[in-house]
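Below: a set of structures, written as structure tokens.
Next come two complexes built around chain A: one with chain B, the other with chain C.
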Partner chain A sequence: MKLQAHGIETDLPPGWEGRIALRKAPGATAAANDSTAARAAGTLGEVPNPVVHLANFALPEDRGDFGSGAVDLMTEADVMVVLFEYGPEAVGKALFKRKGIPTNLTPNMFSSSALQRTLPGQAGCQVFFTVEDRAFCCYTVLGRQSAANRVLPQANATLAATRISRR
Partner chain B sequence: MTATLPRPLRRTKAPVETADLAHEGIHRDPGAHDPISTGGFAQKLVHRASGWLSGSKSTRRSFLTRTAVVGSALAVGPIDFILKPGSAYGYVCGTCSDGWTAFCCTINSGKNSCPPGSFIAGWWKADNAAYCCGAARYIIDCNASCPTQCSCRCAGGSCDNRRTCCNQFRYGQCHQEISCYGPVVCRVATCEVPWKYDPSCTTSSATDNKTREHGAPCLSTDCGTAIDKKYKALGGEASDLGKPTGAEVAVGDGKGRRRTYEHGNIYWTSALGAHEVHGGIFDQYAAVQGVYGLLGYPTSDTLTSSDQRTRYGNFEGGRIYYFRNDGHTVALTKPFFAKHQALGGVAGMLGYPTSNIRTSSDKRSTYFNFEKGRIYSVSGRVVEVHGSVYTFHESIQGVHGVLGYPTIDLVAVGDGRGKTQWFEGGMVWYTPTTGTFGLWGEVLNRYISNGHAKGYLKYPTSSVKPVGDGRGSYATFENQGNIYATATTKGHQVHGALLTYYLAHGGPTGSLGYPTGELDPSSQSGARYQQFEHGRLKYLNGTVTPA
Partner chain C sequence: MTVVVVIEGVVVAVLALLVVGLLRSHAEILKRLHELGAGLDATPAQSQPMSAAGPRPGRDFNVMPQVPSPPDREAFGGSADLAGIGAGGSEAVTVRVNGVEHDTIVAFLSSGCITCQKFWDAFRKPRKLGLPAGTRLVVVTKGADAESPSEVAKLAPPGIPTLMSTEAFAAYDVPGSPYFVQVHGPTGRVKGEGTGPDWDQVSGLLSQATGDAELVASLAGSMVAKPDADAEREARIDRELFDAGVAPGDASLYTVDGAHEHDHDDHAGHDHG
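Up next, the complex of A and B:
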């Protein structure tokens, strides 16, 4: 299944599902100078960027950008990949020095501490990178660290099938 | 007092995970070990604690059963706990089992800021947070600087017993020039936007509403006064108001309070609550004496019209419009505002106001101009004139002309065709087919007594105009009839074949002069007569002859 939005496209393997989302900017639905517009979500000035969630399990509708709400549901064979984009000001910064989407995640890159929320048995990995002048964090969560060898090939294949174009 | 990074329960041995994966884009401190698989006794204790509380599988009920947090809940935030029972687990006490990092105030001597040895590394927000009075709440991660000596442990606070230095995770919007990062030491919770809290942070937002109610005893949920709450809900310094420029003070009228900001004020009264006024609307408000003027206190924040043309603020005594195309403002005050609203407001027959209040040169009235008309307040009446009637009225000197001020609004005649409006000196009649014309004086008197638009003549096709002899005036009508009038003869209608004959013989300046009576009713012979100053006309079987 192909997903395409906001200059990001991916081809999901069988059994995977995904979302490419962009939250509304505060005030986007009202006049730019309307002070009441900031109430609904965030504060004027915030800039939401595209967020990609890819997983080999059913994604709940209510998810935090780094997978909160979804990672809680993961079982042993589950893996979730998040591509979180930053603004153009991030391009060229030390944190995003690496070029290209990571497509060869290996078990030694994962740590049970590298999680937004540490949950027993899980392991995570954050790769910060730049592609086509766009800065991203690739955050991958394994339902069980011990299952890394089994599920990482799927995650790598999914990432390899992901294309990001210049904006 | 300077806080330091929290000490682990027990020093660990040399870190095991030493591979530097920076070339892979993985920048977590290579010296920070995996707290589960390779950690020491302290880290294992952390996870044992997690297991004790059943980790992510713990239900709120079971959690409450196994811990004595209810009492703490009521002590920390009784209102929220009672009103939002679902929040007790997260709101009251973070536990070492919940996988999240402790708040900085828990481990940093009560300070809600990053402790030495850590740096602001990223942020996320939770919308509609009670902690921020309904506005967005921002959580800023303080990650340990590399190389870190910070090791994973439970924070051990009396309530916020979450972890410290356990989560090697980075949100990544702040200090992007620093690539290497250690684990999250603690979290700063603030209602202020991160890019203002620390200029190294970018505006790229991340959202995690599931953390909305994370709390700690050292984090205040006191949203302050109603004005404070309003300010926070609007976005604080990031709002259109900008920074506060003074303390909250009583207005001095025994009713309200206010606080001043760079670009406006927030006003509060017990009856109306707190509302902001800013920018051009605030300038206009100040120009009309603010709360002391006709407008009184605001009853809304700044709103945007559905047609996007204006922003506006509502007040006890009216409304201020700010026109977005050129920035001009209009303060539409009582009783004009109520009248305008009754007529459909800006979407009604008058459209937007185009002037602030004005006083007529005769000092009898005040008025507002609108795109399609005007509203007068005169002699205790508030009346409107709009559309072609307004245009006509203005064409004959408006209130200074023969018609004077309107005495009622435009009303329908009731025949499904036309409309009419009374003025002090006459009436204006309108239909889409005949146009808009004014009648006054003896011509109008005769028109009214003869049944006006519902009579023989139907609607006027001219206004009253002079005959040109220095004596009389007349008006023409839709149904082949005229009314002629002089001061001595009064007004009389001449119509049909008689009018044709009359005009063919010079009309009022011809041999017959002005009519002095109406056409008589039919006699027994069927003849009808009309008397003129210098003769009489007979009408019989369609023929008009001198009589």
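Up next, the complex of A and C:
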């Protein structure tokens, strides 16, 4: 199933669903009607960048940029991938020196200490990268760290099917 | 004497009038019943043949003016995963309906129709909807070619996935809005579909179509849990069959391979002895 917006395109495998949205800025007109705005509020005057949420479970609508609200619902077999774009000022910084979308996440890259929000049994991984002069963080959460070998091939396949084009 | 005869004559005339009236009334009732297809002691040969396509809206019955007529087909329609833009138009959204553990109720609504407004309002209080356990509600409107994203954004109920996709209306063969389709997640089979003037009626309709949800829930509570290995094996087999195009109720599930071969052998005149 194809998902495409804001110069990001992916082809989701069976069982996966996703969203590509612009990060909501404070004062956005839709904020009053969008419950995600409460969790995903940016800074005043910020130029909103895209945030991609891909998961092999039903994504709740009330989600934060890095998956808060969704990770709480994850079970053992669940995995969630977030692609969070930073502004153009981040391009060229050492943190984003890696080129291209990571497509080979391995179990040893995951740790509970990498989680934005620590939940029992879960593990996370952050990879910062640049592609087409756009700086991203790929944040992946496993519903259960011990299931990494089982679910990571799905996450890697999803990332491999993702394309980011120049703005 | 003359007075008595006159009185009797008047009484007889009144009674005759009454009888004629009753006969006319009876005839009218019989005529109406006949028009409705009912008949006492009607043999199959005398009765009207049943249309193969079943009752049709406008011909056999009328729907309420504020809801769309059902589609002109015998069975439930198909289901498909949903892809479109989010309410507001800036978000790309996909929602998986097939091949998932949960069931999905897809609510096809419009920002313009008056009846839909009741559903938009009802969906703002999801806890009062009484959705069956393990059921996800998704709202779909037509795409930006037919709806205003800003209007849909104003109506979109918080916490409920809302997407705009004209393609989804076609994929589900939706006759108009409001319209509702309940899909069994693991198989993608449509469990029920229809419409109504408010959520209570639609909810009742879907409950009827899918069985008594409360009974199922109470039975589920008293069920002995299956071993994980059995459950996984069953799920895997279901998935593989579904991927191979074998859905629940498929004739091949009730066919014994040997029976076919045996028939073939008999026709061929082979000797089994």
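Keep this in mind: the second predicted complex is superposed on the first by the 145 of 167 C-alpha atoms of A that agree within 3 Å, B and C clash if a C-alpha of one lies under 4 Å from a C-alpha of the other, contacts with A are read in each partner's own complex, and residues count from 1 in each chain.
Criterion: a residue touches a chain if its C-beta (ideal position, glycine included) is under 8 Å from a C-beta of that chain, and two chains touch if they have at least 3 such contacts.
Remember, it's a predicted structure, so these values are computed and weren't measured experimentally.
After overlaying the two complexes on the shared chain, residue contacts for A:Ala161 are found with neither chain B nor chain C. Touch criterion met: A:Phe84 reaches chain B, while chain C stays clear of it. In the superposition on chain A, A:Cys137 makes contact with chain B only, while chain C stays out of contact range. Legend: residue contacts after superposition of the two complexes on their common chain; A:Pro120 is shown touching chain B, with no touch to chain C. When the shared chain is aligned, chain B comes close enough to touch A:Ser68, but chain C does not. Once the two complexes are overlaid on the shared chain, A:Gly45 sits against chain B while remaining clear of chain C.
Of the two partner chains, chain C is the only one that A:Glu17 touches; chain B does not reach it. Within the superposed three-chain model, A:Phe96 lies in touch with chain B and out of touch with chain C [touch as defined at top]. In the superposed model, A:Ser111 makes contact with chain B only, not with chain C. Comparing chain C and chain B on the residues of chain A they touch gives the larger count to B. Common to the chain B and chain C contact sets on chain A are residues 30, 33-35, 62.
Residues 17, 19, 21, 23-28, 32, 34-37, 47, 50-51, 55-56, 98-100, 124-125, 127, 134-136, 152, 163, 166-173, 176-179, 183, 193, 195, 202-211, 233-236, 238-241, 276, 278-279, 301-304, 308, 311, 324 of chain B are the ones that touch chain A when the two sit in their complex.
Only residues 81, 83, 85-88, 90-96, 99-100, 102, 136, 153-154, 156, 158-161 of chain C touch chain A when the two sit together in their complex. Interface residues of chain A facing chain B in the complex, by the touch rule stated above, are 23, 30-31, 33-36, 38-49, 62, 64-66, 68-69, 72, 84-87, 89-90, 93-98, 102, 108-109, 111-120, 124-129, 137-138, 145. Per the touch definition, chain A reaches chain C in the complex via residues 1-6, 12, 14-22, 30, 33-35, 58-62.
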